[in-house]
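In the two complexes that follow, subunit A is the common piece, with subunit B as its partner first and subunit C second.
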Partner chain A sequence: MELGLFLALLGAALATFMAGIGSSIGVGKAGVAAAGVLAEEPSLFSKVLILMLLPATQGIYGLLVAFLILQGVGIIGGGAGEISNLEGLLYLAASLPIAASGLFSAIHQGKCSVAGIHTVAKKPDTMGKSLIIPAMVETYAILALLISILAINGIGALGI
Partner chain B sequence: MAILKMQRISIYALSRYSKDVLETLQRMGVIEIEKCNIEDSVFYQTDSTPLSTSFLRSASVMVQAQEIITEYAKEKKGLLSSLEGRTPLTVDEYEEIAQKNPEALRLAYKIISYKKKITENKAKIIAYNTRIDALTPWQNLDVVMDTGSTASSKFILGSFPEELCEEEIRLKVAEVSPETELFDVEVISKDSNQTCVFVVCYKGVYDELLSALRKIGLILPSATTPSNPDSEIKSLKSRIAKREELISECEKAIASHLNDLPLLRFFEDYYVMKAERYSQLDNISYSPHTFVMTGYIPKKDSEKVSKVLFERYGAEVELEDAEGEDVPVLLKNNAFAAPAEGVLLSYSAPSRFELDPTAIMAVFYYVFFGMMFSDAGYGLVMSLACGFALLKFKNMEAGLKRSIKMFFYCGISTTFWGLMFGSFFGDAVSVIFNTFIGQPAPVIPGITTPIWFNPTVGSGPTTLLMFSFLFGIIHLFAGLTLQAVNYIRQGNFIYAIYDDLSWILVVTGAVFALLSTDMLSGMMGGFKLSPVFLTIGGIMAGIGAVLILIFSGRESKNPLKRLLKGAYNLYGATSYLSDILSYSRLLALGLATGVVAGVFNQLGSMLGNSVVGVILFVIVFIIGHLLNIGINALGAYVHTNRLQFVEFFGKFYTGGGRDFKPYAVNTKHYNIKEDI
Partner chain C sequence: MKTQDFTYAVSRIRMKETKLFSRKEIDRLISQKDYQSVLRTLYELGFGGETNSNEDVLTAEQNKLWQLMAELTDDMSVFDIFRIQNDYHNLKVSVKSIYSNTEPYSMFVSGGTIKGEALFESVKNRDYSELPDALGLTASLSLDTLLKTGDGQLCDAIIDKATLDAVTLFAKNMQQEVISEYAELFVASSNIKIAVRGSRLNKSLDFFSKSLSDCNTLNIEALARSAVKGFDEICNYLADTEYKDAVSYIKKSMSSFEKWCDDKLLNSMKKQKSEPFTIGPLIAYILAKQNEIKAVRLILIAKLNGLDDSKINERIREMYV
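Right, the complex of A and B next:
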């Protein structure tokens, strides 16, 4: 029995749902803070919305990696060939950086976003600075995304 | 690309002109007034807080009146009204409307009094309704409620907190007081939780009966009326109707003033400006007949301002070039770079002693934003939307206008990079041709095929990664060069070599060395520098490292400490590595945009070529791409800022300057501007 396709799919699933969990938690936390601020200062809507959406990107990175994997194994776009166990495992491994890094960075970015929302509530003109602090955390999700993309791209080229 | 020269301005004029001078200066909006600290036997200062507070109170009356009007009448507002900005007024128009001051105040108070009437009447209606509620159970009583007594009988009105019939009440009374008999009970009304009764009895048993009734739970009525309850309720209802009519009259009267909103807004601004003007009076020193005022003014405006002040008020103006830490900073850039000033200022205004880096930053800003967003379709959408807003809303607030202009340029850059990478709403054109037309898309450079290369397939990602690092290194070197220029401007030519050239040598040398080894040639598609570059690179990096080791700790006198400091600074090379790697986000975010766009195109085309398929495609296309634009524009914006703030500014920027905040017309609805 060939497990290759299953393993690759598992990788795609992991990338989507782990990064998705992270983003949900992050955006959720920030959303709670944002709603609180809006009760007092409705005019800050666009600012807190931006801060709130910062941890949403990890979920998208996860989706992106999952999509690349599905495309790589031919589930999307047709032409699904034989996927060897090794190839499947490689895809699974390639999904891990964004899965794990997405999960944790989104949660912690969410915390920074909450803090940023509080800062903006008190001093709306510190928006620029408040935006940069959560963006620091996101760097690590971006690095993970990069490795996941490069790895998936490389597996295709290996021709196993 | 410059920090404007500032001058200190001192204005001397006759006291009676002080308010006029302040008004003129407010409209010109070019002077930052400083507190004038001359106070001696001749000069004194005033405290105009009570006056400015009273003006602020008038302003709040105007605001209140506006709020009341908008509560009762809907004002038509466009979806994009927040972009409209303040209505411009010339000085003559302003003076003309300002004549209507008493009228506006009267109007505002009238509207507030209408509102008061409405509130009062509403309170009355509530009171009437409570009374009606209390009387309703007695509505069937056909005698007046405080019926006293006749020659031999007395009456009791009351209610039991349960449902009872006449017999039950008689029985209960008999249980408590068997002797009491000479009475008659009539139930007026009853429901499941109360029974209202009218009891008539022989005078002689009144006291016994009352106590007996109380024992079995009789409560005397809370509301009584000297008249018949039914007619009382009717009269209350008619009074309510009258009050309601009054309320609706007041509401109509308020709503009829919808067209006076602009007037009220004008006077809100009028009083706010006046309050501000009076609070500035405190910063002036007066002598019995003259006053002195000091502040900062950009050099370019000083001539004109002095001329105007002299001609109108015979004021004497003294100007001197301002130097020093505390002088506020005002930036001046060309139309291309100026929109990025907002980004710079949101970090920090430059200090007076350094170059304004806006122009250089702007170039990198637009390029990096475009690379991260990198889709020709999205860029077009963004530029068109911003261009439309700029054309449609001429009076937009300066700050907003600046941001929108910036995104306009970012959109152009995004379009450019999209064409380079062959992304137009992802691969929308190919998908449409393959799914709905049934033939491969024609080759349109930039739209279906990349002009440069496609970063999502084959060796695309690695190639783009290398270019991202290259752009990053250029960005960092630009930062170092700016620091060198700052050093040279301050006359510290040698520092530029120690701190900037040294690092440029180290990084360039390391890059040369790396490129001439086998390690990277695989990633570079076989590209490899000749081995001689390994030597050249090594020498360059070596010279740089020695410079850093020896000179970067130059502040320490102790040679050992100096060397150790140098070594520590050399260790900072790791931070250069992480800085350069940080530019990989150019690739990652660029790919994210393209791939997610592709996902939506594929999702949309899932149902193939049918009517339903086309409808699905259109819906998914619009929603999906809007979502992608939103989230990726946000990502591109945030991470472009980060690359500027952390990697770029970290190399050279001191900041900490004080932003120039001129005393100006600081209003909400109207902009009164006097051109100078």
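Right, the complex of A and C next:
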């Protein structure tokens, strides 16, 4: 029971901190670029802020998956029942898509956001187009989130 | 090279690029009726600041450029490719002042790695310990040569070659594509200019060997041999190199060739407009700003001397934006 619960918790931790690391790197990179633009043109604040926050979503997805795992094993909501080793491993596996995809997609989305911020700095009217390009990277984080959620929901139905 | 993150710097440069003069602003300056109107327009455009002589305006803009670069980087040595050229210029001034026993201070340029005054004192006292090795060696060699032979051209050739060698070495050590590209074109075009000018003065093979600096895109032995044979031979040699497009410009005039080189360099820098993280956009901005300053200088001098607008247009370089 103990090992199973530990593995499930490890999955929740991985989802939170790997996606969180990715988001913090991505937002950090975009934030540096945003600060550079704002040092020259403070009126662009709202536009660069949106681009800067795009890589933050992966951290939220990681949090959501961790929350679902904690709920699944009963740590949240009470009534933590018997968790077999296999069940714990399955929760761990279910967390991996968002953990890995969250980490890498947020870093690369951050780079893309930097380029978008530079484009907006030169041509503020290209905001829409500059937003779509880094948003494309988001697709893969959403796909990973979807798989993680489906997997977590499926584990309960297996009746292990 | 030391790894630096240029994301913040590039972001500020992107904003600064929006304020660079485009062809529209240059045309507006050219269309002004006289020198004072150009200065007024420059003031309106925020170029230089409140000054009323051309050198003050241009110097103020140069100072603003280097002040910005100092703000954007922790380590100014990344820009040494430009700063060492000023050191060697100041060395030339120092050596000639010592030889002719004149005062050099008004001819020094700022923006070197060493202050002109300090460089002059080192050369005058023949104490090269405070200078970088290559600069010290060049100082010693050029001063001895000038004092021994009195040949100012030979002294210039030694310093010019040392400048080109220093630029090449710096680019090699930096291992940055944008800097290598700049250094290669700078050294190759300088070699071509030395060959053409030397050939017109019937210089010897020994002179060319001492003056031309190694580069990847030219075989300097072949260029030197062509230069000894004459101008047409230089053109024939260049026709087989990647500088074949420049031949028609060289045949027209040296200023036309210089314009070709500046335009080629600036065009090669335009790809830096989409580079978000490296030093490339900063190097491109420095070159673009210097190109802008050069254009303004040309317009001011032309207006001061009553030169026709069509003559200005002929000489004006392409703009970065």
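Keep this in mind: the second predicted complex is superposed on the first by the 158 of 160 C-alpha atoms of A that agree within 3 Å, B and C clash if a C-alpha of one lies under 4 Å from a C-alpha of the other, contacts with A are read in each partner's own complex, and residues count from 1 in each chain.
The criterion applied here is as follows: a residue touches a chain if its C-beta (ideal position, glycine included) is under 8 Å from a C-beta of that chain, and two chains touch if they have at least 3 such contacts.
Predicted model only: the values in this text are computed from it and were never measured.
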Quick one: on subunit A, after the overlay, do subunit B and subunit C clash, or do they fit? Just give me the call. fit
In the superposed arrangement, which partner chain does A:V37 touch: subunit B (first), subunit C (second), both, or neither? second
Using C-alpha centres only, what angle sits at subunit A with arms pointing to subunit B and subunit C? Round to the nearest 10 degrees. 50
Contacts of A:A93 with subunit B and subunit C, given as first, second, both or neither: neither
Return first, second, both or neither, reflecting whether A:I60 touches subunit B, subunit C, both chains, or no partner chain. first
A:I75 contacts which: subunit B (first), subunit C (second), both, neither? neither
Mind working out whether A:L150 is in touch with subunit B, subunit C, both or neither, as first, second, both or neither? first
A:L10 in the overlay: touching subunit B, subunit C, both, or neither? Say first, second, both or neither. neither
Spot which of subunit B and subunit C makes contact with more residues of subunit A, would you? B
For subunit B relative to subunit C post-fit, closest CA-CA distance rounded to the angstrom comes to 9
Dual-contact residues of subunit A (subunit B, subunit C) none
So in the complex, which bits of subunit B are touching subunit A? 343, 346-347, 458-459, 461-462, 465, 581-582, 584-585, 587-589, 591-592, 595-596, 598-599, 602, 631, 634-635, 638-639, 641-642, 645-646
Spell out the part of subunit A that touches subunit C in their complex, as residue ranges. 29, 32-37, 39-41, 111, 114-115, 117-118, 121-122
Residues of subunit A touching subunit B in the complex: 50, 53-54, 56-57, 60-61, 63-64, 67-68, 76-77, 125, 127-129, 131-132, 135-136, 138-139, 142-143, 145-146, 149-150, 153, 157
Give every residue of subunit C touching subunit A within the complex, in rising order. 5, 7-12, 14-18, 274, 276-277
